[in-house]
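Questions regarding the structure given below will be posed in turn.
Chains: A, B and C, in written order; residue numbering restarts at 1 for each.
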């Protein structure tokens, strides 16, 4: 009975898997490490630098308020709006900077591609949950804080299977 | 009463026929409704009812310029996001005469093949759970993690890549991508070998799919199905071989086809295609030249007025874009021709006369993705 | 703006005072009188000529000289046997343990972690338990969910069907001996009682599906009916070999008759057929068509939610324990261990003692242990196909049940008759060849 031998092989395959390592990532005890330092864009070369597309980081000493990020996002998710800030910078005469609404942002990174002044990059931080929708709108001050994301595992493959470790 | 011909039944049989709506809220259908008429256990008529996820993607494209369309157009088929953007980028490059660097072409092929595997694994997982095989759901979903990890290293996002742009790709691969990719792909190949014992050679799976939903070659051509469904019926038709795009003409791979045309063949061909994808990715990693990966463009690329038609072999079949431009940065008309919508006519044809228990086996083996079909 | 209310200390203090007031009032006026009435005035069974009430019982339990014989007396009560061991509580706990083991076992086979986080932060040592409190969490969740009654459903039957299922499953465990002398009902036709109760289940499945007034339960109920009725016949026929060899229908005596050789060594085909048909009766993968998720949502239990669904799952897993226990009793020697008792050595304890009173003899304790271990092993074996096989289709199921399994059981009966006439085994023990 060929059916019986097929069934035996299936049972053997299933029970063989009882001894290989379990693959699940036990978040929040284990968090993934990412390559690089977040997605960045080099407007001189016109090409991006590989990294994870998480929360944005805004460098206040470089942003000139040119609104190109907001214009780029208008056709995608309309998540960037320009707001007035208190400080006046020499390179930012209009005193406006982007604020990003993470309830609408799709994390595509085209705003980073649009910025010609190296002011808007993305970071590794993806833990942005909040209790109200208003808390998801990040002001320029909140965007300038560097996040403290600690990834501690990556995929490891050995002869006992793959696991996150 | 206006019922489609597949749904009309004879008057004398009316009392015995039960109409079931395998509707949008059903664990066996996705966002798609299939109205089946059942006589005991035999299906006598089936009427597919798509349209639950229609969002007007094609119309919305006309309000966005070519770069802003990138994250928009990857959404209909988010599990294969590079595949659905590929013909769009090829079309815009055709209209606006944008040259693509060699390295970018190789990277595009790598990502397209990775996305094909990611989609095929998802599809295989859902096929397993449709037949009640929970292990065959968990294993592909877990192994998908190996490939999504690679895609995330390359593009920065796990599923919503938004990586292909007209002119190349958005960023270069990170430094240790090649070693990491080869290590994870070798393990992935070892995992694919495990699927054969527990799933493809399992006598219960063979009972449920061999000889079920047989589509002959002539019927397949007449109904207009594409992709693995067509190749499972014996028609050797793969766009990567017929109209090679990017660097597929320089790579050495095989497009498989089987002759039986039943659900087993339609389920087996994606496995063979995944082996070939691993092969293709390794070849690309070897042959890739160095250089730039993106042609520098302004923020609003535009081309002369004209049209272009480009097609690509995505995971589900032939995906084509018909782009019409009128000289402005926003396209005048974008028409997506998706493989999922083209498989719909095969559903009533195959379901008629099948048993009710074969309905998930046939329906999902046609590689149907509801979100993509409705755009 | 924000929908979260601001914290006000005055409101907080006011709510605490209100709560304390009402707790004191209810406690003094209602709970204390109830406690006093129950403690002093509820009659308890007579012991040593003194009429007992719960207060006296509790004080006596503290005193070990009187408490231990009391416990010994309780263990012999039929109510204890029905409620605790080997009765409903044991079956329910076993079923819960099996559900947890199933989830973890399947998860390990599927290269993933099963329940992991439940209970992880409760105690410092709970970190290694990996989700052991998940069953409690599920129970609390099911208790808190609303039981939705579909419109047009037949109300009495809809509410009664899960309860009848639990009753029928629990009735199955009444005849299974869990140890020497530890059986609830020592009936001389015990095996027939089992099959009579097993005949209940197609009926309840059909009634549950019919009462739901919906198409998916309708299809699922008919499939359940076909499947269970088709597989009852090979089930009964496969057991016929055991009856021939032991000459008994009383389950305790069948266990005792397996003393030289367990019947799985003599009748392996019968054991195999019994195992497969038990899987079909339990509606486990690969025979879970009545609950086929991708075709008919959840089959005949689609419309059940909340605790009704919980009761159906409980019934299903108690039936798993019952059929696994039946398999162990019929083919694996019940509570008999493979090692004789003398193996424990001359210094073995003479029994389970408590303050000098013997609660269980050594033979009983070892027997119960072996029974639990074997039943657990067979239950785990019954969980294995879920990780390996897809679902079978109804026509293949019926073809296999009516043709192949009945043929195999007939072969089994012929083997049993041959063994009987060759004198290898039989009701009278191994004698020589019986002359015709």
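In this section, contacts are C-beta pairs under 8 Å (C-beta built on N, C-alpha and C of every residue); 3 or more make two chains touch, one makes a residue touch a chain.
This is a predicted model, so every value here is computed, not measured.
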{"item": "Centre-most chain [mean C-alpha coordinates]", "value": "B"}
{"item": "Of A-C and A-B, whichever chain pair has more C-beta contact pairs", "value": "A-B"}
{"item": "Chain whose mean Cα position lies farthest from subunit A", "value": "C"}
{"item": "Cα-centroid distance, subunit A relative to subunit C, in whole angstrom", "value": "49"}
{"item": "Cα-centroid distance, subunit A relative to subunit B, in whole angstrom", "value": "26"}
{"item": "Sequence positions of subunit C contacting 2 or more other chains", "value": "109-112, 387-389"}
{"item": "Sites on subunit A at which at least two other chains make contact", "value": "10, 13-14, 17, 23-24"}
{"item": "Junction residues of subunit B - those touching two or more other chains", "value": "135, 142, 198, 202"}
{"item": "List of subunit A residues in touch with subunit C within their complex", "value": "10-11, 13-15, 17-18, 20-24, 26, 131-132, 134, 161"}
{"item": "Interface residues, subunit C side, partner subunit B - complex", "value": "106, 109-112, 215-216, 218-219, 285-286, 288-289, 292-295, 297, 386-396"}
{"item": "Subunit C - residues contacting subunit A, complex", "value": "1-4, 107-113, 116, 384, 387-389"}
{"item": "Parts of subunit B lying in touch with subunit A, wherever the complex brings them together", "value": "63-65, 67-72, 135, 142, 145-146, 149, 152-157, 160, 162, 170-174, 176, 183-184, 187, 194, 197-198, 201-203, 206, 292-297, 299"}
{"item": "Residue ranges of subunit A touching subunit B (in the complex, touch as defined)", "value": "2-3, 6-7, 9-10, 12-14, 17, 23-24, 34-36, 39, 41, 45-53, 68, 72, 75-77, 106-110, 113-114, 122, 155, 157, 162"}
